[in-house]
Amino acid sequence: MTASIATNQTILVVGGGISGMTAALEAAECGKQVILVEKTPVLGGRTARLYRYFPKMCHPTCGLEINLRRIKQNRNIRLMTMTEVVSATGSRGNYSVTLKVAPRFVNENCTACGKCAEAVSAEVANPWNYGLDKMKAAYLPHNMAHPQRYVIDPSIVGTPEGEKAKAACPVGAVDLEMKEETVTLQVGVLVWATGWRPYDAAKIQPYGYGRFKNVITSLEFERLADPHGPTGGKILRPSDGKEAKNVAFIQCAGSRDENHLRHCSRICCMASLKQTQYVREAFGDEGKSTVYYIDIRAIDRFEDFYQNVQKDATVSFVKSKVARIAENAENGNPILHGVNTEGYQRYAVEHDLVVLAVGMEPEITGVKLPDDVILDSSNFIEGSKDQGMFGAGAAASPLDVNRAVQSATAASLRAIQVIRKTASTEAV
Amino acid sequence: MTTANQAAIERYRNNFLKEVEANVEEGHMVKMCMQCGVCAGSCPLGPHWTHSPQKIFMMIRAGKRDEVLGSDSMFMCTSCYNCMVRCPRQLPITHIMHGLANYAHRLGLAPKGQPTRDFATLFWNNLSKKGRVNELMLTLQHYFRNGLVAGIKEAMAMQGIGLGMFKAKRINPMEIFGGHGVKDLKGFHAIIAKAKEIEDRKKGFTA
Amino acid sequence: MNAPATPKYAAYICSGCGIGDAMKVGQLENIAKREGKMTVVKSHPFLCNAEGVQLIKDDIANEQVTHVCIAACSRRAKTEAFQFDGVAMSRANLREGVLWVVAQGKEHDEVRQEMAADYVRMGCAEVKKMKQPAGNVKEASSKAILVVGGGMSGMTAALEIAETGYEVVLVEKSGALGGMAGNLWKRQPFKAPYAEAQDTGVADMAARVSSHAQIKVHLNSTLAETSGAPGRFTVKIAQESGAVTDVTVGAIVQATGFTPYDMAKLPDLGGGQANVVDQVGLEALAKAAKGGEIKRADGKPVKSVVFVQCAGQRDPSGQHLSYCSGHCCGTSVKQAMYFKDQNPDIDTVVMYQDLRLPGMGEDFYRSAQQKGVIFTKGKASKVSGGDSCNVTFKDLILDEENTIPADLVVLATGQVPNAGVDLEKWNPVVTAAEGGDEAAKAQRDEMRATQSVLKLTYRQGPDMPQFKHGFADSHFICFPYETRRTGIYAAGPVRRPMDMLQAIDDATGAALKAIQAVENASVGRAAHPRSGDLSFPTARLEGCTQCKRCTVECPFGAIDEDEKRFPKFNEERCRRCGTCMGACPVRVISFENYSVDTVGSQVKAVEIPEEDEEKPRILVLACENDAYPALDMAGLARMNYSAWVRVIPVRCLGSVNTIWITDALNSGYDGVMMMGCKKGDEYQCHFVKGSELAHYRMSKIGDTLKQMGLEPERVVTQEVAITDNARVVKLINDYVAELDKLGPSPMKGFG
Amino acid sequence: MAKKEYAFYPGCSSQLKASASNYLVSTNSMCNKLDIKLTEIPDWNCCGASIGYCEGGELPRIAINARNFAQAETHLPGQDIVATCAACWLSARESKERLDASAQLMKETNEALAAAGLNYKGTAEVRHMVEVLIEDFGYEGLKAPMKKSLEGLKIAGYVGCQTNRPFGIAGESFENPMYLDKMVETLGGEALTKYEQKVTCCGGALAFSEPEKSQKQIRDIVESAYDHGAEMIVTPCPLCQANVEVYQSEINKKQGTKFNMPVVYYSQLMTVAYGGSAKDAALDGQLIRAEKLEKIAGK
């Protein structure tokens, strides 16, 4: 079907994370028409799954709340969730974009009352918690989900479980007949705010992610620390559910490594410094964090945070890229082998848990990017030859949140300029 | 200013790096090290060294010529390639270690009596003699490297193994009189001689 | 907007989501009618669906309903459905606020119903006091934008704004555009392959700026005075010659850049010695060399050079800059390449502690290594000058003290923002000056004349408040552009330390925010975080006692004083947080839809049971930004908290007027709990100071309580984060238990 | 299936009455069953091994490898060079890759080869026998000739270093390669997949020069196999095989252990599974008899 909701005066923002929301909102609050497309059922993206932000240790959902409030009341933004860009053709000022809308199996009648989830017993892996736990197959993705509507997992559609969900809904919101739709839009400009994904830690073989249960990624650790995560905010290690009081943080897990990612992912040092404070928050002086690093990249005012963490007696720093991890078969403790290069000290240390500070890869898989899009050597979006498409946030460069917002705001203005030029050309 | 300090100041220049780049196998990659230390932690014989590869690279950049070339660290390399596959900068560390050892050996700066240095020399001489390794001779020469008495002692200690190998037909006592070898030995020797000549010319060794 | 002259009130009660099963909706309807005095009262089994919404829309259209109270779910839910133009609306939270948080079961029916009834009363009471704000459209609003600073950030902002169709006035202190970027020989690469230093492009850019039809450039000029507000800033631009030009602009981008940290403060590292330069100094030498041999000031060619990173930066002692300037590692790498590209035999050593080249900077680092630049992890302790410099340092890898000789030493000093007057230093001077201290007066005038950049005539000082280390932004994670002066945006290294690529992005973003600001101002719309809000504060000046609390406490400097020393509200500068309303001891400040009355009437609408009923009432004033969502989420998770509480969302704890608290206590509430955001250095308050002010005000409420014969525990303030849904439940329940021990309020029955 | 033909580079140890003669014998048996035709590179020479570095230097080592390539190209055109020895394969492949990458090196090498009237064109591919088995036959294909299952046999797959790093077998990881385990499972045996010393270095040539240090490595390798309940170790590398098997008695003598862990080649396992006799599999070539395997062979 072809939707007439967009014109060449419309800005299409792809991705509903912090960058996409920012790009969409800033343009919409300048009076421009925006379609915001998000692949998952909810806005928020990767940052909404962080427990706290560095360096203020505040909660990402706080900023999310403000942005959602802005989006809910702004009529210039049309939000499409569970929607992916399949292809984009055309040129600056006049793109034809094909979108694939996956069925939610729940319509806008949903009041988020939760009866469907009560009725269903089937469970699926919970992507919000990176699969660390399970959730009902009828679910509200998270507490601050927007749209605040349940989702029926496709795995139970066509099964008695699906019917249970349908029967339980008091407002007729469950629609198991929904089908995937393809929508084509004409838009003037595209902002790719598709964000990032963690580098596949299993590829960093010496660290044994996937082989050793107590080696996890920094993103998984965020979920462990989060009261809304799978452990209710308790830092419990996966192998035996014991409190992980002695935690190792391994920097550059994938980043700055020609065997993996050529670039530095910028955020990981600060993320680990932040996470040492999760350990402190959970265990006080009983906690112990060790950061294994090459260079601590606490840039600009983040340096203050680094200096504060350095003062924390529970945190120690080892200038070393860990060579390999083995596992103590008796207690499941990961054993880190390596050398402290400052003065050459060899170590073989056991920790309760190892957190790999995994690097950022641009998340553009599955999208047929137009040939015009220019990618850099790590596949981040530099822009497009016709200057009608822009990367924003972590799709454009490995960025922390405040720089991603800066980048998205800039991209938003560049998009507005394209729209303006299109309009003035047409007026002639 | 003391002479020692003056000497240190003189030393702390990049000249040794250039020397290494010019004369050591894959030496041009030394400058690409970013001091992460993954090589140091990856070496199976790590606990037995004075200097890790990463530290040697830093010493090269710091101009510590005597310390590097006099070190036995490079001779601890078992050629397991752990360091090399893990190096985030893809430095061919194993080759650089071999190259440095070779350079130090050729300059006569490598530690005297370093067992691996000696064995490696023995090995090359053994194989280049007939084009294939004479395992028995290699073993015996190795045992007798420190003279007759020590050799007999060591050989006696290992005689159980030798006997077992013999029984298993995995050692041939007749090898002492010759054993395997290439037929075109002349050609083989000519190749080695020529290659050595080219290399020595390039690396500034006069034959 | 053409609101009908006569207000007509309507209440709609939803019985969906189980509300109808757990509560007597009929009784709630009666309450809305009889106590709430609603003209129209209707219930609906599914109010948020198309049919329910249509019911309300029809009443607005056909019955001339002007005020709507929706008793259904939280005001945070179904906002798109319940959106009615030109109508004042309140939301009584029966679902997240009652149904989902009061324990299930018959034994709780009574308290649940009472809670619901109170929320209906409160919703009705609130809406009756509300007016739908229409916004204040300004016909004469200026949409031109002033850019202060003609460096890379300023030129970028100017061009981006002009390219979007807005007029730009650019003021540059020096005689040429280019700023710090103009001093560079080359810049770092912005795009793959990130291997070589690039032409800065400054000349080309300056030409584009100078010739752009929509950009008016004032060189050799500074600001002599800036007054007004977004949409109507009046700026006096003073030329070096003394000539002054007046311009009117709608918004301001401050792109005043940075000054390198003064090397003279680093004598140990050779600052001040002949052959020790900072990075800017090295650029000058490179520029002079024009790609040829780089020579020292004495004309001697440089054969060896050492770059000392973090010179006077990352200093925990407090003596020098504590932060990292972010660009200097990349800059030194680039500068080392100047030497290597010209002559590979020049010894170039970059001495660093942590090499900080994030992102694709790793490729740039590799490229420098490829060119033979030596990187040494070491900490320099001493640089001695002379014809040959010696850098003494601790080699952190080789673990030894060492010394490198060099013809030239480059100190990578940090960026000091050109931010203007530090208001923390300004305020005491002004206070003293206002007290008649002549020296202070002179000092104030001196600061204003020589240090200030913007020379704002604002009551709260001549420049933007600084957050840390002189940088100007506030919510620098989610909303980095939000300065504390509406319509004035910092861009580039004056906002935070940054390199050129980031400054370009930053200036582009700031350009957008400035454009947004002029658009907002023209229709009387608030800027972030209440973007789109059309309400604005008004004051009944006849009641004003000129206490100045509002002018002093406004976090955004929105309120000046007029000639008669009355507060002068600059609506366009206002962020609608209500801090002024909270501050006002005589309660003369209000918004159309948020006032002392809208909240006060809710406080009073709650039915206070007699003491012997043993049903305490506790007022919870919850910040709508974080605490209220946390309470909602507790509901969503079906956590139970005491049915004794009555929650009122407030815009910010800063807007809480103590009258609400004393009113509540007077009328027999047993306790008041305030829930706001984290305060202090790492504040999370969306309005910067609101939460802190509330805490401060409440710390002073003890005397009032004493006079009333009440225990101090009857009023508490809590810091709550948005994720604290479990914690808010505990806070409430613990407080209820504590009050239970305290016994009922002695004020009961007097209200 | 048509016969597959390869230019065989057995290497110094895989000659009759050399230390890995059992590898040679069992490889030949295995290849017979798989219908592989191996033709030795005429007059091949030693690869120089890694340990040749000290005296040999860079170009001489590459040149002698190029001599083998030149011989193969001339006499066995179009055939891939297949090595069974890890060191031979590594030296050869490394030489080839460096020659392919550098025209200068190629020029110098051919200058050296010219001294013997040879020339290397750079066409021959260098592969390890394991690559041939996995890539050209696949695990299913390896199953085809099976006559007997190795059922019940608990085997620790010890990959070692040089068949694993820096090149390794395509699709396998350096830290936890699974191909030996998969081979064992293919043959019906029980693979001890959690055996964590599978890529630990045995000390290589330093077994001679630094016996103490190497024997510590070997001890770890054998001990862990015992810990996992292994009945034997399987390996693809002759130096690994020799070091891990031969020095057990030394370690027992010095450290009081009672190691008696058979160490066999994958080719021996396959020969037995393919119905070959203990002699075909050269099980008589073991210092520590692989009795359980002999038993299956004898069935």
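We call the chains A, B, C and D, going by the order they appear; numbering starts again at 1 in every chain.
Everything below uses one rule, namely that a contact is a pair of C-beta atoms (placed from the backbone, for glycine too) under 8 Å apart; a residue touches a chain by one contact, two chains touch by 3 or more.
For clarity, every value in this text was computed on a predicted model and none was experimentally measured.
J.: Counting hops between chains that touch, how far apart are subunit C and subunit D?
T.: 2
J.: Tally the contacting C-beta pairs at the B-D interface and at the A-D interface, and name the larger one.
T.: If we tally the contacting C-beta pairs, B-D comes out ahead.
J.: Which chain is most central here if centres come from C-alpha coordinates alone?
T.: A
J.: Take the average of all CA coordinates in subunit B, do the same for subunit D, and state the distance between these two points in whole angstrom.
T.: About 23 Å, centre to centre.
J.: Just the number, please: Cα centre separation of subunit A and subunit D in whole Å.
T.: 46
J.: Between subunit A and subunit B, what's the gap in Å when you average each chain's C-alpha atoms?
T.: Once rounded, the distance between the two centres reads 49 Å.
J.: Just curious, how far off is subunit C from subunit B if you go by their C-alpha centres, in Å?
T.: That pair's centroid distance is 63 Å.
J.: Would you pick out the residues of subunit D that each touch at least 2 other chains?
T.: Answer for subunit D, listing residues that touch two or more other chains: 174.
J.: Pull out every residue in subunit A that's touching 2 or more other chains.
T.: Residue numbers touching two or more other chains: 206, 256, 319, 324, 341, 344.
J.: By residue number and range, which residues of subunit B touch two or more other chains?
T.: Where subunit B meets two or more other chains at a single residue, that happens at 34-35, 54-55, 82, 85-86, 89.
J.: Throw together a list of every chain pair that touches.
T.: A-B, A-C, A-D, B-C, B-D
J.: Please output the residues of subunit D touching subunit B within their complex, sorted ascending.
T.: 12-13, 15-22, 43-46, 48-60, 62-64, 67, 108-109, 111-118, 161-162, 165-166, 174, 200-201, 203-206, 208-210, 213-214, 217, 246-247, 249-250, 284-287
J.: Residue numbers of subunit D touching subunit A in their complex, please.
T.: 173-176, 196
J.: Enumerate the contact residues on subunit B facing subunit A in the complex.
T.: Going through subunit B, the ones touching subunit A are 34-42, 46-47, 51-52, 54-55, 82, 85-86, 88-90.
J.: So in the complex, which bits of subunit B are touching subunit D?
T.: It comes out as residues 25, 44-45, 48, 75-76, 78-82, 84-86, 94, 98-99, 101-102, 105-106, 115-121, 123-125, 127-128, 131-133, 135, 139, 142, 158, 160-161, 164-165, 168-172, 175, 180, 182-184, 186-188, 190-196, 198-199.
J.: Would you pull the subunit B residues touching subunit C in the complex into a rising list?
T.: Against subunit C, subunit B makes touches at 5, 8-9, 12-14, 17, 31-32, 34-35, 54-55, 58-59, 61-62, 64, 89.
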